[in-house]
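Quick notes on the structure that follows.
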Amino acid sequence: MTAQVADRRLTLDPRAAVRAVARDVATMSRALKAWLVFLLVLCATGAVGAVLALPAGWEVLGTSPSFEWGILITAYVFFAITTSGLCLASSLGTVFGIEMFLPLEKRHAVLALLSLITAFGIIALDLHYPISMVFGAVFSPSPLSPMWWMGVFYGIYLVFLGIEVWSIFSNHWGIHRYACMLSSITAILAPTTLGAVFAVLGARPYWHGAFTPPAMMTMAFLSGTALLGIVFCLVHRYRLAGYERALTLAIPAIRLLMTITLVVAGLVVAWQILWGMYGVIPGLADANRAIFAGPLALWFWVVRVGAGLVIPLLLLLIPRTRTPEGLFATCCLVFLGIFADRAIFVSAGQIVPGTAVGGVVSDPFAEYVPTLVEAAVVLGAFGFFGLAYTLVERYAPMGEHTGHLAGAFLGSTEQPGGTREALSNLVPAPEPVGPPETVLAPETVLAPETVLAPEPVLAPEPVLAPEPVPPATPSLDPVEDAP
Amino acid sequence: MSQTGRAGSPGQVASPAALSRRRVLQLGAAALPALCGARLLADALTGSGVETARAADTTAPADAYDPSAHSWAFAIDTTTCIGCGRCVEACKLENHVPEEPEMNRTWVELHVIDQDGTVRVSSPDGGIHGFPTEETMPADDAANVRDAYFVPRTCMQCENPPCTWVCPVSATFRTEDGIVFVDEGRCIGCGYCIVACPYGARYIVPAGETTPKGVAGVVDKCTFCYHRITRGQLPACAEVCPANARIFGDLRDAASPVSVALNENRVRVMKPALGTRPQVWYIGLEEEVI
Amino acid sequence: MTRLRAALARRRPTSRTGVVRAFLAGVGLFAVLVVGLVGVAVVVPWVYGEYGFHPEENARSWAALTPQYADTAVCQRCHEPQYAAWDGERHASVACESCHGPLAEHAATAPVEAPAGSLSIGTPDEGLCAICHEQSPAKPAAFAQVDLAEHYAGGRCLNCHDSHSADAVRPPEIPHSLARLPECVTCHAPAGLKPVPDGHVESSDAACQGCHKRPTAGQ
């Protein structure tokens, strides 16, 4: 049995497939095998947890009416904001044309798509009737509900991300640019709406207020950047496809983004807490006291502030640790810190009881302990994410396409591979498309002289390695993987 | 990438790109029946959902009932409540409320205010077994207590409910006669309305239990015993209250007990600053407590 | 914008057949949209059962549930003596089912020929009296409440108190020990000893002293 995929014929013989897999596994290094086994164990844990969590009404969650949103919601928020942050970080290159953020772009898109799929998987296991949600959101929509809009935006975002990933791997660069632009717009709307889900609740003083959506956006950007940093450092370390530009462009770019965003995030966290301590809204000061000196204090001071903000900033600023390994450690800590941050956020809003819920008086704080099933589902989510990405990294062509290196939606349009050429490729031209040096027909609007300078937008010298950015020359060879 | 209409001409092989696009459209067209099938399968697997709800329908109530002619409300007199908890038990038995002590559609709280103004609230099992004096108001505390009274609590059936507009699938709504319901056929169990309610009136039906209509895993709440009030009866909690602390009635009727009680007493609602406009008024509530 | 216009210009139909084809495509798209919307309207009631877009139907389904608690007037139909004892007395604010539990089903299905009170349904628990009448600072001062540790500790409430009329007959004080009295006199002596109420348990002298107090000096 064979199948036609792109321009290849694949044999679908099970035995041959198993043999091929066995051969491939034999070529793997010990470290990679160990990593895959670890991920498979996590996935198996998650699968068990998922099977237990699926039937509606089963008492497998540790939530109660006093504390209805637990670690599954935290994990969902975490993955949802990570995917938005990934798209925002990559939009600096693909939409705004900042060359230093263009490299390794396939990884941005793949990570974002996998993270969003993981988020949807987690929320499907938390809801009691996930299929009803799809029907209900379409057939009985609720435009006043921030959660409905969140579902809409993340659904649209999934579609745009899918188009973006497909267009990257099938080299439709014009479609890719538009998909990136649309994804980036949705990647701003979606996490702010996710913040609004929490922010509109007057019953929860810790969440309530206009500050929560921008704070969610900041954490989204930080999380996405951290994940990119982790992946890029691994690309550089293991000499994966495209590693040449990892050291010279991608890693310094992430270091710059991480520094700026850590400072902003630190200010956000600090002022949120300080304002809360001054607040006179009933329950707000209690919630902040729970974070500062209550049940959440250990998570906040040690994990979120210490490991998630202070140590990463030190690692980034101290010259001795301004290495790819240092950046890797920084990003891992920040990634962990964001998870703790969202867990604290979701908990703090519910931990102070505004009222006796169903006859349960929680004094002074409401209680919630994640069950084993919830922990299994969260671990399985991380396992699935890691496993899917590892497989994509290993088996998909992750090399860079020179066409998109010089092109971006709002940026260098005149260069070969830019928007103009992409558009002319979309439409059947009456005359044959010549070699890239051919000047386009006179009815085009822009004057041929307005060629944008090939230098990158930011002054890269202090940040980049000594070799200059290669200018986008018209004599680029057609890429190897074009149809 | 030739996108001309020449794909049908003999000898012209459709380009791989066009083939995959067609595949995508086919998949999209197959998705809708697949989702419907998945929904039916999920319903069958979980054994709940609309089919059960339909099966639970019994005979219709008095057909003469016109929702637009009524506006139901409660006036709760905390100066007469004795904290016996008969209302809590009656509600559980009337409305198939889960047996778990932390799940109550209505409950009674004991508010104890000390001389220095500290307020202590307690509600052992929602008050269903009363408030044994030894546990809740020990004698050695008595000198310190300035005031103590019982506060029956229930869903406020707010006129501006913060729980209805947050539902992503429009599963919860308020009727013309002032009751907020949860449509169990639509509820997905996300819990947004539970965290949105400032009065803690909602809960998700836990494992092993169902709503009165036989659905599991959805949100449930007090409905002012809608099946009783539409037949001219009182809600179960008001029916069994021995102290006349739960005064129920129709605000549109000036002679109803609740209208009379609201006219004759100084009343207040809970958490008025949130703008929810609750339809449960309290007589004698001294402090703004939880 | 001009780039878009240029791209669209290339797409514009250049011949009459092209124009006709474009027009038919537009009509076709519109038809698909209409069919789709009509299909949604048909499919949705099937997916959501009978509720569809009408929350009023859901409200009516809540109204169609069966009450578990009847009204006091329903109890009166069969239990007239108890109702007469209760009506207008101090327990008149307490509904029958407040103590006896939900009995709507019993009222609907109880056999008419059986004498009322012959079946043991809904008999309240002994501890029920204490829940309301145990003294507590949180209860209104005007409410009838006693400190149970002081009030005839060890005795049953119903030995002296009638549950429906709430009348209480204080047991008389017995000045002497009941030991060495003939057994019949213990129960059947005239004036001085109250008639034995229903359910009065057999007990020894010491137990009786809980209610029938031996007078102390000055009492």
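Going in written order, the chains are labelled A, B and C, and every chain counts its residues from 1.
The criterion applied here is as follows: contacts are C-beta pairs under 8 Å (C-beta built on N, C-alpha and C of every residue); 3 or more make two chains touch, one makes a residue touch a chain.
The structure presented is a predicted model; accordingly, all values stated were derived computationally and were not measured.
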item: Reference subunit C; chain at largest CA-centroid distance; value: A
item: Chain whose Cα mean lies nearest the overall Cα mean; value: B
item: Whole-Å gap separating subunit A and subunit B, where each centre is the average of the chain's CA atoms; value: 37
item: Approximate Å spacing (C-alpha centroids) for the pair subunit B, subunit C; value: 18
item: Chain centre separation in whole Å, for subunit C relative to subunit A (CA means); value: 53
item: Multi-partner residues of subunit C (each touching 2 or more other chains); value: 47-48
item: Residue numbers of subunit B (touch at least two other chains); value: 39, 186
item: For subunit A, residues that touch 2 or more chains besides their own; value: 135, 140, 426-428
item: In the complex, subunit C residues that touch subunit B; value: 43, 47-51, 55-56, 58-69, 71, 91, 93-95, 97-98, 101-102, 130-132, 134-140, 143, 145
item: Sites on subunit B touched by subunit A in the complex; value: 1-4, 15-17, 19-20, 35, 38-39, 42, 45-46, 48-49, 88, 101-105, 107-109, 121-123, 125-127, 153, 162, 165-171, 186-192, 194-209, 216-218, 270-271, 274-275, 288, 290
item: Footprint of subunit B on subunit A - complex, ascending; value: 4, 6-7, 55-60, 63-66, 68-69, 126-137, 140-142, 144-148, 150-151, 170, 172, 197, 200-204, 282, 349-350, 353-361, 363, 425-428, 483
item: Interfacial residue positions of subunit B with respect to subunit C in the complex; value: 36, 39, 50-51, 53-54, 56-61, 65, 67, 79-80, 82-86, 90, 93-94, 110, 112, 129-133, 136-137, 142, 145, 148-150, 173, 175, 179, 181, 183, 185-186, 212-213, 223, 225-228, 230-231, 233, 236, 239-244
